[in-house]
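First chain A sits with chain B, and in the next complex the same chain sits with chain C.
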Partner chain A sequence: MDFTFRNKKITGILTVLPHKVVTFEEEMGNYSFSAAKSMKLKLAMGYKEHRIAQPGQCSSDFCIYGMQYLFDNGLLDKDGIDALLFVSQSPDYYMPPTSNIIQGHFGMKHDMLCMDINQGCAGFEIGLIEAFLLLEQPAINRVVLLNADVLSPKVSDRDRNSKPLIGDAASVTIIEKSDDASVIHANVRMDGTGAFALNIPAGGFRLPSSAETAVMEEDAAGNFRSKDNLVMQGDNVFNFVQREVPPMIEHLLEQAGVLKDEVDWYMFHQPNKFMLHKLADKIGIPYEKMPANIVENFGNASGVTVPTNISYNLGDTVVDGIRKVCLAGFGVGLTWSSILMDLGNMKFNKIIEF
Partner chain B sequence: MEQLKKEIAEILEVADLDTSKKFTDYDEWDSLAALSLLALLDSDYNKQMKVQQIYDFANIEEFCKAIIAK
Partner chain C sequence: MEQQIIRILTELRPEFDFNQNINFIEEGMLDSFDIVNLVSELDSTFGISIDGVDIVPENFSSVEAIKNLLLKNGAK
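Presenting the complex of A and B:
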């Protein structure tokens, strides 16, 4: 499904990362693989270190810390927020919505919309599209998009497929109406027949967590995890990404009438370096234009990887200047989505630690 | 076919590939090797496969025949 938007822009991105750094080597001993094999994996995937939340820290804590920072530094007006979107797969509670909890924490105005959206790897793009749609309304002038995931507690320490790459993080993105006439092109695609390619089997209403779901079991590759843990079908995910993402990007550029090399940056979701390089090869994009260094430095925090990527790799270049960027997210759902837009003259674009 | 065998030998890090063996007979076969093989099939042979399907072949020779025959 294709979308076009006008007169809207991102005016700020703040990424909030946990203080705690965990290195690949620290965790290597937990896996039932030889050190030599694990080092080979580290090299191929680009694993180095990742950021992990402290026990007890939830997604909303990172969002609240980030928003408070923006209020304190005069970068965001609390009373000027017309919609608060919280995109996450790790909400504080089943009920109430985490976005309402955050709104209540700050005593924000009642005349506004709070909405939780359950999306993961494509959560930044889905959140942006939702924000752009809301901004079509006369009553909505400014949307705050929160992307946050603290999923590390759900990944087994003995799962070499997922543990080395998981990261926790949050981001606060401000989207506003603007007189900028440049067109934003976007698209989104979904395939629920692949819904379980990435999943946490237990802990919802279908299969509540119990002593049984906490039992650790070994898979064919030698990883140990329970039904309470996140599980990823690596082969299915890899095939899905290589099959679906290149035609989506081709379509987006065609729709916009923009050539591949006219795009300054391809800011994609960050599953691992291996997959991103294969993707760049297939689409025909030089590696220099598609940063792949988020997993090695911070880990993959689901929908927060694209804002982290923008804050870390573009920094002040989109505060002082303007860049044409192609954003893309792909994964859990299965959901895949991409956006072509100008990023620039932002009020802020930075990383803070919590 | 020879090119594919050469590439499999590289993934398994062996000088002489014995195609009468299964992938799992090789020490270097693990989830990373499997992913490397899937990536090779996708990029060079325009074919997508699940890891389980690789295990269904009697040996590496049969796997190679199936990929080349397509």
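Presenting the complex of A and C:
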């Protein structure tokens, strides 16, 4: 499904990272890799270090810390927020919505919309598209998009598919109406037949957590997980990404009438370095235009990797200037989505620690 | 090319004999992490980038399969 939008822009991105750093070396002993294999994987996959939340910290805590920072520094007006979107796979509760909890925490106005969206790896793009749709309404002039995930407690310490790469983080993105008439192109694709390629089997209403679901079991590849843990069918996810993402990007650029070389930055979701480099090769993009350093420095925090990527790698270049960027997310759902837009003259674009 | 493939495989998993005519995947000689490392080594050795859609276990099941994969992806 294709979308086009006009007169909308991102005016600020704040990424909030846990201050706790865990290194690959600290965890290597859990994975039964030989030392030589570990070193090779470190280079190929981007195993280096990741940011992990403290026990008890939830997604909303990171969002509240980030929003408070923006209020305190005069970068966001609490009363000027017309919609609050919270995109996550790790809400505080089944009910109520975490977006309502955050709205209540700050005593925000009642005349607004709060909405939780259950999305992960493509959650930044899905959230932006939802924000652009909401901004078509006369009553909505400013949307705050919160992407947040604290999924590390759901990943088994002995799952070498997922544990070395998982990260926790949140981002606060401000989207507003604008006089800028440049066109934003976007698309979304979904395939629920692959819904269980990434999943947490137990803990919902279908299979409530119990003593039985907490029992650790070994899979064919030597990973140990319980049904309460996140499962990633790594091979299937890799093949899905390599098969579906390149044609999606080709289609996006074709729809926009933009050549690959005319895009300044390809800011993609970062599951691991190997997958990103293979995508870059397939699409025909130089590695320099597709940063792949988020997962090795901070870990994969699902929908937060793209805003982290923008904050970390573009910094003030999109505060002082304008860049044409291609955003893409792909993963849980299965969902894949991309956006081509200008990023520039933002009020802020930075990382803070919580 | 076959000798280069066997050398790379042996460096990755020195405990196995890759001269045998057996299925490397079914025999558990290569797991998905070995394939990541193997692809990285093959890419740099042969100056190519193996297409991501070709990175499936059956293409790494024997020296012959790996050779065919390399030829398909432009290795000389």
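Assume the second predicted complex is superposed on the first by the 354 of 354 C-alpha atoms of A that agree within 3 Å, B and C clash if a C-alpha of one lies under 4 Å from a C-alpha of the other, contacts with A are read in each partner's own complex, and residues count from 1 in each chain.
Here is the rule we go by: a residue touches a chain if its C-beta (ideal position, glycine included) is under 8 Å from a C-beta of that chain, and two chains touch if they have at least 3 such contacts.
Everything quoted here is computed from the prediction, not taken from an experiment.
Asks: Thinking of the overlay built on chain A, is A:33 touched by chain B (first), by chain C (second), by both, or by neither?
Replies: In the superposed model, A:33 contacts both chain B and chain C.
Asks: Look at A:243 in the shared chain and tell me whether it touches chain B only, chain C only, both, or neither; answer first, second, both or neither.
Replies: In the superposition, A:243 touches chain B and chain C alike.
Asks: Which partner does A:279 contact after superposing on A: first (chain B), second (chain C), both, neither?
Replies: The answer is second: A:279 touches chain C but not chain B.
Asks: Is A:235 touching the first partner chain B, the second partner chain C, both, or neither of them?
Replies: In the superposition, A:235 contacts both chain B and chain C.
Asks: Once the two structures are fitted together, what part of chain A is touched by chain B and by chain C alike?
Replies: Touching chain B in the first complex and chain C in the second, residues 33, 37, 40-41, 44-45, 160, 221, 234-235, 238-239, 242-243, 274, 278, 281-282 of chain A appear in both lists.
Asks: Using the touch definition from the top, list the residues of chain A that touch chain C in their complex.
Replies: It comes out as residues 33, 37, 40-41, 43-45, 160, 221-222, 234-235, 238-239, 241-243, 274-275, 278-279, 281-282.
Asks: Of all residues in chain B, which touch chain A in the complex?
Replies: 30-32, 34-36, 38-39, 42-43, 48-51
Asks: Spell out the residues on chain A that touch chain B in their complex, using ranges where they run on.
Replies: 33, 37, 40-41, 44-45, 160-161, 221, 234-236, 238-239, 242-243, 274, 278, 281-282
Asks: Where on chain C does chain A make contact in their complex?
Replies: Chain C residues touching chain A: 12, 31-34, 36-37, 39-40, 49, 51-53, 55-57.
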